[in-house]
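Letters A, B, C and D mark the chains in the order given here, with residues in each chain numbered from 1 onward.
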Amino acid sequence: MVQIAFIGLGNMGAPMARNLIRAGHSLKVFDLSQKAMKALEGDGAVAAESAAAAAADADFIISMLPADPQVAGLYLGEEGLISRLENRPVIMDCSTISPQTARLVSEAASEKGFRMIDAPVSGGVIGATEGSLSFMVGGDVDVFRECEGILLAMGKTPFHVGGAGAGQAAKICNNMLAAILMVGTVEAMSLAHKNGIDPKVITGIMLKSSGQNFMLERWNPWPGVDEKTPASNDYEGGFQSSLMLKDLGLALDSARAVDSPTPLASTIRNLFSMHVQLDESVRGKDFSIIREMYSDT
Amino acid sequence: MVQIAFIGLGNMGAPMARNLIRAGHSLKVFDLSQKAMKALEGDGAVAAESAAAAAADADFIISMLPADPQVAGLYLGEEGLISRLENRPVIMDCSTISPQTARLVSEAASEKGFRMIDAPVSGGVIGATEGSLSFMVGGDVDVFRECEGILLAMGKTPFHVGGAGAGQAAKICNNMLAAILMVGTVEAMSLAHKNGIDPKVITGIMLKSSGQNFMLERWNPWPGVDEKTPASNDYEGGFQSSLMLKDLGLALDSARAVDSPTPLASTIRNLFSMHVQLDESVRGKDFSIIREMYSDT
Amino acid sequence: MVQIAFIGLGNMGAPMARNLIRAGHSLKVFDLSQKAMKALEGDGAVAAESAAAAAADADFIISMLPADPQVAGLYLGEEGLISRLENRPVIMDCSTISPQTARLVSEAASEKGFRMIDAPVSGGVIGATEGSLSFMVGGDVDVFRECEGILLAMGKTPFHVGGAGAGQAAKICNNMLAAILMVGTVEAMSLAHKNGIDPKVITGIMLKSSGQNFMLERWNPWPGVDEKTPASNDYEGGFQSSLMLKDLGLALDSARAVDSPTPLASTIRNLFSMHVQLDESVRGKDFSIIREMYSDT
Amino acid sequence: MVQIAFIGLGNMGAPMARNLIRAGHSLKVFDLSQKAMKALEGDGAVAAESAAAAAADADFIISMLPADPQVAGLYLGEEGLISRLENRPVIMDCSTISPQTARLVSEAASEKGFRMIDAPVSGGVIGATEGSLSFMVGGDVDVFRECEGILLAMGKTPFHVGGAGAGQAAKICNNMLAAILMVGTVEAMSLAHKNGIDPKVITGIMLKSSGQNFMLERWNPWPGVDEKTPASNDYEGGFQSSLMLKDLGLALDSARAVDSPTPLASTIRNLFSMHVQLDESVRGKDFSIIREMYSDT
């Protein structure tokens, strides 16, 4: 039986941990919230006093934390797991962070003889609960193979993207493109709408033309075109603007680090930033709410 | 047997006219180029002395002209067909022009008792030759029905989009979105590439994720990802940058006319404009060549 | 005594006409508003039945109209002054219109033997009233000389910029740059403010550094920095956002016509367009109100 | 006699150090380059074995280093000066770095009882040599007063901007605005030029209008308008594109950190990034070379 230390039991981490337990793995968990740990104990996990205690006899560590500083804090420095652990569990960081920090942690791990992958997810809380997450994985292909079974307990067939940090890089590239597709779809539909074309009609036409894309098809930003999308439900559910601001921030940081121009993503992040500036409540709404900047319907 | 006047025998018009002849229609054609008319005569068309002569006993006029001024010149003013024709052929303008001009001509036609549709196409020279063009049609739905059979001789089931000008509006909305998809795909793939991810791998991942779109799938802008795309063939074939500059110009004009913001499309048109500024040869290349602005690989 | 036909007695035209009367010129005036004509009669002008009647025995025509269509309508076509007038008064168009239309009218005038200048103004209603307008003049230098005395009755020493349309082109270039200076100043001051720097302090520093510009100095967009600016007076007075939208529209049209990239001006026009979209009342406020898109303080 | 430790003897640091010696101060200097230290010894400085050795008996430390990591490395961590020095010299960091890092170092300094200012400069190598640098200073006003005399030996009356980091923030705000003024001036002049207006004429007009700004006046980007500017000298001298890329990067990072939108600065940084992408030699040229993206004349 595989022993897993699971660090970070938030909206995503908790259901992921539950799916691992269901798949028969033995989990020691840690979170700063006692309440979060209590809930997992009810599902069969063992609550640990600290991340280090959870990991002390683990075969694998899985971390699911909010951002770069928490991941760096967990693994790096004198108090970090990489310095403190005598055993050498395989590290799987499923947090969404910058490729740069992912590489930094991976190098530190590698120096001390740890194997590590970065394995950010997409699919949201629903995917985490249903066990249908997508994983984009960076790191050595052998380590990837070693982790594959465990990832499958939480999601679909994972992609191996490349070396350390490549999982994170792939995720931010995809999310950056997703943001462009959304805002582009809004821009085209607004122009159609103001030219008197029915939003359902232009959607139908563009779905069969060179404008076809994921957002037009499955996340339509115009209220009423598809009753299931956030746009038709007062922008509830979906992917919050605040998360898109975070992900675009990661993309732009990475673009700066590797000298890749981002005229569209920069423009889009500024639009979201201004929208939030003008109306704070936008942060908690699905990112298709950017439509409000284009048209009052 | 239906009598058709076909005006404009360029790269697109000539093969479209040929498909109408093949379908058994009787054509009188006119073009400023004698050579173009000669070629069509070989296929069974009758060459006319003027547009008015071609249309004098027609049931339908089909025009396929380069831009707004030619269409306005053909139909409007004292010398225009709308003033001069005693018969009242149905007008089908297949040119790509602004919705504004399309509405102007339609109003003039309507005042004199002509029926008219705007029916711009997509599918390029190949679609025109194969008879597989897509038509987006604006105008009265009864007139649309009347024209449907003729359009089918040149392409696929046409869309009825809405009133006069709606065909043109739909086309520029779609092409604007297509441009955004292309540049967005380039932007995301460049960031991936500079992060060391293989272009084929990131393409595969994004095709199964929220970045999926027409350009990523069927017009991939990275050389070598898909051997059939212009990017893999020195940017030959495809859709020329100069045509995208024209279509984006129409989109931005329309956006101005109806007060619809276009932060992405404006940014993109400026990128193409600068690219052409720096290297005149870009005009004749497929618009995926914009990749050169992002990455030298 | 010089006989002047003055066409267009709006907020700008009326005070300009008054200054000409004060300078001893004889004016026949025309406006679609009877009320506007009545007011000028009180100041000593003669009201005419039509523009053509006002101009029938004039030495000079001065027009001050809202936009391109009105100017084209006044001068061009069978009913236009250029076709109808037997005398050949010198034409001075002081409206702000596109360089393209200015050239079109100038060419038509020239064909019929009229001399013409385009002479758009800057200085606003205050400048028109005080007789301190700036004129940027396009057209033949000899015609410019002929008009100079009359222009001086309404403003300061006029600039001769170049041939027909050059006055309009210079004006839109300057106004486009003015918009960039304003939004740039807002952008820099917002960044300073959110970094905790006092708006007066950063203004003082940048005025002595490479950020110095007209807007920072004389139209400061931060409330409270300069009690005289619109920003300190609820954005009343100054230059309305709706006028800046118009002028930026002219600039972008011209840029399209001559193939000049405008990444900054396009971005800015889209910001104003979105601001107006979100809050209709912005149209009537000074354009420094764009600060609201950046910061809620 | 005041004892100063001067760390960092590059193109800027070396002439600054010389001016301090000329003003009668006693300097111990340190640089990783032996050659740079040798040169300063010739001017009367004492070369130290390490930064710590230079600072061991200093009243003031002045650092002039390339970027954030060098400054953080000098002062922070177990090996940093703040941990190692027993004496408590006043710290003056004249490097251009992010306000965030400036605040971080300042907090660390303050915890150990050091006084510190951030005092980035503007004026370039010429200003450093002539002793005419401008200083924008962040930190406690009393510490500022204490340092004022020393700053005056290297430049003009320094500005006290605000608390820790405010000097850095002011500098990046000003430089961001300077970049906007430059690109805006290029954009307006390009539009004028393509409308047939002489670059000198439009410069003269805009200098007396609302487009007036530092770059138009003193750094004109059009070759031939002002023989003294980099644009008239093959873009030699001036302020290199690579440095503007760095400064805009700092501005955008800070904007992200404090949630301030930057649609113009983001657009501009992407233009420079693309220009460099297309032609590597642009890095070493004055940033007015961005004109090449607009116009080939």
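Here is the rule we use: contacts are C-beta pairs under 8 Å (C-beta built on N, C-alpha and C of every residue); 3 or more make two chains touch, one makes a residue touch a chain.
Worth saying up front: this structure is predicted, and the values here are computed from it rather than measured.
J.: A-C or C-D: which has the larger count of contacting C-beta pairs?
T.: Higher contact count goes to C-D.
J.: Quick check for the class: compute each chain's Cα centroid; which one is farthest from the centroid of subunit D?
T.: Of all the other chains, the one whose centre lies farthest from subunit D is B.
J.: For subunit B and subunit C, what's the span in angstrom between their mean Cα positions?
T.: It comes to 38 Å between the two C-alpha centres.
J.: When the centre of a chain is set as the mean of its C-alpha atoms, what distance in Å lies between subunit C and subunit D?
T.: 40
J.: Please report how many Å separate the Cα centroid of subunit A from that of subunit C, as a whole number.
T.: 52
J.: What are the residues of subunit B that contact at least two other chains?
T.: As it turns out, subunit B has residues touching two or more other chains at 259-263, 267, 271, 274, 277, 293-295.
J.: Contact residues on subunit B for subunit D in the complex?
T.: On the subunit B side, the touching residues are 267, 271, 274, 277-278, 292-296.
J.: Taking the complex as given, what residues does subunit C use to touch subunit B?
T.: 249, 252, 256, 259-263, 266-267, 269-270, 273-274, 276-277
J.: For the complex, give me every residue of subunit C touching subunit D.
T.: Interface residues on the subunit C side: 99, 122, 134, 136, 159, 161-163, 165-166, 169-170, 172-178, 180-181, 183-185, 187-198, 201-202, 204-206, 208-216, 219, 251, 254-255, 258-265, 267-268, 271, 293-295.
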